[in-house]
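Shared chain: chain A. Partners: chain B in the first complex, chain C in the second.
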Partner chain A sequence: MNDSEDIVRLESVEKTFRDFWLRPTVKAVDGLSLSVRKGEVFGLLGPNGSGKSTTIKMILGLLSPSAGDVRLFGLPPRAIEARRKLGYLPELSYLHPFLTAKETLRYYAGLCGLKSAEAKERTTQLLEMVGLADVAGRPVGGFSKGMARRVSLASALVGRPELLVLDEPTSGLDPVSTKEVKTLVKALAANGMTVLTTSHLLADAEDICDRVMILDHGKSVAEGRVSELGTSLEDFFLAKVGDASEFRLAPFLG
Partner chain B sequence: MLSEPLTLLLALTALVLAVFAPAFHYHQFGEASRMARDAGLSAIFTCGSALAVFGAIRAFRRELETGTFEMALAHPVSRSGFFLAKAAGLFAAYLVFALTVFGAAVTIVIGATVAGRIAARTGEIATVWGPCLASGVAVAVVPLLVGAALNRFWRFRFVLTSMASALMLAIASAATFSFLIGTGALARLAPAVVLLAVYAALLASAASAFSVRFAANAAASLTGLVFAATLPFVGNYYMAEALSHGGSVPWSYVGLATLAAIPAAGAFLLLGCRFVRDIG
Partner chain C sequence: MIGFAKVFWLEIVSLVRSKTLVMLAVASVAWMFAAPFIAKGDGTADGAREMFVRYSLGGAFAILLVSLLAAATGSLARERAAKRLQLTMVRPVNHMLVALAKTAALTLSGASVLALCCILMPFAPGVGDGVLGRQCSHVLKPRLPSPRDEARDMYDAYMADPETPAAVKKAKKSVVLRLLENRAVDHYQTIATNDTVTWRFASAGTAAEAKGLAVRIRFTNQFDVRQDVRGELRIGPLSGVVSNITKAVVTVPLSRRAAEAGVAGAADGLSFSNKGSSALMLRPRKDIDLLVPADSFAWNLARAYLELVSILAIAVAFGVFLGASLGRPVALFVAIVTLVVGEISPSVIEQYPDELETSVADRIGLVLTRFAAEVTRPVAALQPLGRLASDECVEPGETARVVLLDFVAVPLALALLAGLVLPRKQDGL
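Let's turn to the complex of A and B:
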């Protein structure tokens, strides 16, 4: 693989959040370098607060790095051309509650620049795919968490992206829906789509990822192909990040 | 924006004001234009300004706080373009509102005109309230009934269909008004409504820009400061008095007042574009 096939590339990226007086409050990402290659499913794993979502947001151009360089399809992430090839599923389903499922998809299709006829066709197709065709006319504010997640997933795919960024894709889904999402991700990857995903659920990541990177305190502590770990992803993860609980239970339990 | 319950609430408040405000004044039936001026223009000014400011703050802050703004920015759209498109959408919602209330005022005037004609013929003042109240109730209730029926039987959305019905009623009222009273009074009212829309656009641009950077309370306070700073000039946009005794607002004046407002509104929109580029 050469650099030209890197869909996402981060070099020595840092992100420091600051308060109103510009004093640094927290360094969420610290000297991170990574690359996601065309056609692979790349997993960004790590405990809460390890900098996964911040990294994703820098890749999407929603946050600017304090130092280092981020490239998406070889372009700065805020370049419209780069984001034209991107689909994004956020950790929480951010939806307009008064729009119906169909209107939500048409809205995002419009933002992706799809023409009206194509948007209509794509909307119908995706609502069928995520099993929401029957409730396409209902406002999404009344949807269950799982249904809202399906709408978000369909929204991420509406612009026929080359790179799909999934932030905790199975969060809030029941086991059946979780399995469906994993099957979908595998099918998309088999069709050549590049997928960048974060997950707390190591079993899910193990099922779908070709390669993983483990983050801790904003730094990469390990990176490798899942097939070459030689152990389960959970054991690998705990060995790298540590399984010591931050809870101090002994005084509480007596 | 039109789907928001807030829009319906403010529109209803304005309609109620437009319908019942004339009853609290010493109007004589037959003074149709004066009633439309007092009830309609004041409702458009007060509730319209509230809709422009709070609609902008709510639209931007809620999108920023719930993450839908972020979701949109992750798509291939220019940040400034997205901000300006949202501001334009807010203004379009305001125009629907202003037209609806304007139509409501006109409907009341039709009722009052009919009532005045009956009173002149019969000499019985008690009979004039019938047509007047009937038109008022129609303005406030018919759109809601239509919205409720469409929602109940065909699952159309209540707020959107109610607003659409109110707008259609407004257009029908304006047409009836032109037929019964002539287009002169409508032509005199139109420039005054346009002036109010220009002032609302100025307030909405300030509120939109501030809401991108600051929390809702701070954005409302800063927009309040803009309102206070422009207070000495509000009279230039609220030209109700100019309509007294058959007077009118010349379109050349409307053009000049709009030109005066454009730099300020433009500056606020540029500030908003700057703020939206700085997000993240």
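Let's turn to the complex of A and C:
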């Protein structure tokens, strides 16, 4: 593979969290290298606390790595140019409670530099797509978890990103919505969008990912194409993580 | 720029929808209309108006200053704590513009509430009719060497003087100079009976031509003895008679009295002849003001407004910067402490003008206080309301400088710093 096609590239990245006195508390990411190529759906899997969100935040420039190098579109993640082609759905939906769904999308459209008319059109389109057209004028503070998730997803897409970063996209969604989100991600990928997603739900990952990496305690324990695993992702996962660590499996077997 | 506009808009929307803005407006306006019943003047209509202008607008401004400072420390810090800030941070907007937009939005909110107060002020009870048309005056001070120069000139003689205390002679030169400088400000000039003294004024040559020229004299000497004062003031062809027994401050209008020929005063100097029975002591730097007519109260109010808004801007920018760098509670604490220190340090320094007779701990405290006073002086020393209340002109030149510095330059610099700190401040993500 050609280097220039790497949308995201991490080389021996480490992240150690420190307390107020700068004493190390957790090594959340430990010598991680990975690359996400143009047009693929890349899944970062692993149990809770394995460092998935931390990795994502370093890719987004929200956290700086303690060691190693992170590149986003070949640029340092804090470059404005890199952020121009980015959409991000955080772990939980953090919305401005005073804004309506429509205003939320218009706000993020503006931050992406969309002109007023375009922002308006894009907002209507996206609210339609995530099924919130009816409640577009209601403050998001009163939305249910699932509705808030949809608003967040729509605002991640508002700037027509080339790279969509999803942190646990299906968490908190009912089975029907989960299926819708998966369908949506597949459709976006089919249109050429690069997707980086994390999940602790293997069934979800198996459905949408082209390639996965399994993290445990901040280290990569396995990496591969889903189509080439030869076994179900769950068996693969258990084989890799089950012997690599002593963590409790119950939470993500379900 | 769209990003800037959006962050600005979001801040305004949240101020409006959280009812913060309306509560601020209600509190400030309510204070304005309550002030006349709380602050009482000296019984005269002018005194009442002066008190009112000072305390009504001053109170409303204080409410705004403290609330906006508090809101500013929260504008980034609370967004960060609620984890919403990261959604803005990953968008293609310059982080400095984010900080600047928040500063601008909060400042604009404060400015509009303050504007409302200024517009309503003429209608408040106690202000009196026609206040907007009142004339204000430029206040000219006698042209004297600066206290620092005077201190330098006095230094050698003072150190050679056998009466100078030994402790002072052992002190560092800079300390002694500061001591002398503080004294120079309060330097008394003695005017014996039938003596005439002349003070020069920078632009008195043209001032002498002005209609409505007046001289204001303060008679509070060291011992606070009210004297029987009689004398005559002259500048160019104008003159005025001073006759005072009870008042601490008198304003003497100067007029052209053609009949009284003879000694015309110097064109650029104000002379005072003591015609009383006893010698008179005055501090020319503090006690003598030449009042030259300027424009109206309305214009003065507009300039005072600009200065006040500039102070709000600098406070807000500082709060936003603190919120970018620190967590909310710490940022709020630092902001309030800075405000208090800025307010009280000048008076602390005034009461402890030199560190000759104090302990090491006191000295350290004084050095810190002096530093704090120095840093906060550009803002803390602004007294637009005092000037406005006493019909003294808020000088346009000064207003321009304040706006450039406090409204533009410092907030820009603080926003730049906030923009640099923002992505590096990582806990709580």
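Please note the rule applied: the second predicted complex is superposed on the first by the 242 of 254 C-alpha atoms of A that agree within 3 Å, B and C clash if a C-alpha of one lies under 4 Å from a C-alpha of the other, contacts with A are read in each partner's own complex, and residues count from 1 in each chain.
What we mean here is this: contacts are C-beta pairs under 8 Å (C-beta built on N, C-alpha and C of every residue); 3 or more make two chains touch, one makes a residue touch a chain.
None of these values were measured; they are calculated from a predicted model.
When both complexes are superposed on chain A, chain B and chain C end up clashing with one another. Residue contacts after overlaying the shared chain place A:Pro90 against chain B and chain C alike.
Once the two complexes are overlaid on the shared chain, A:Val8 sits clear of chain B and of chain C alike. Looking at the shared chain after the overlay, A:Cys112 reaches both chain B and chain C. Contacts of A:Gly137 after superposition: chain B is touched, whereas chain C is not reached. Of the two partner chains, neither chain B nor chain C is touched by A:Leu72. In the superposed model, A:Ile214 lies in contact with neither chain B nor chain C.
Among 203-211, 311-319 or 365-373, the region of chain C with C-alpha atoms clashing against chain B is 311-319. Comparing which residues of chain A touch chain B with which touch chain C, the overlap comprises 57, 60-64, 78, 80-81, 83-84, 86, 88, 90, 92, 94-96, 98-99, 108, 111-113, 155, 159. Only residues 3-4, 66-68, 70-79, 155, 157, 159, 279-280 of chain B touch chain A when the two sit together in their complex. Residues 57, 60-64, 78, 80-81, 83-84, 86, 88, 90, 92, 94-96, 98-99, 108, 111-113, 137, 139, 155, 159 of chain A are the ones touching chain B in the complex.
Of all residues in chain C, only 2-3, 5-7, 9-10, 13-14, 17-18, 82-84, 86-94, 423-424, 426, 429 touch chain A in the complex they form.
Of all residues in chain A, those touching chain C in their complex are 57, 60-64, 78, 80-81, 83-84, 86, 88, 90, 92, 94-96, 98-99, 103, 107-108, 110-115, 155, 159.
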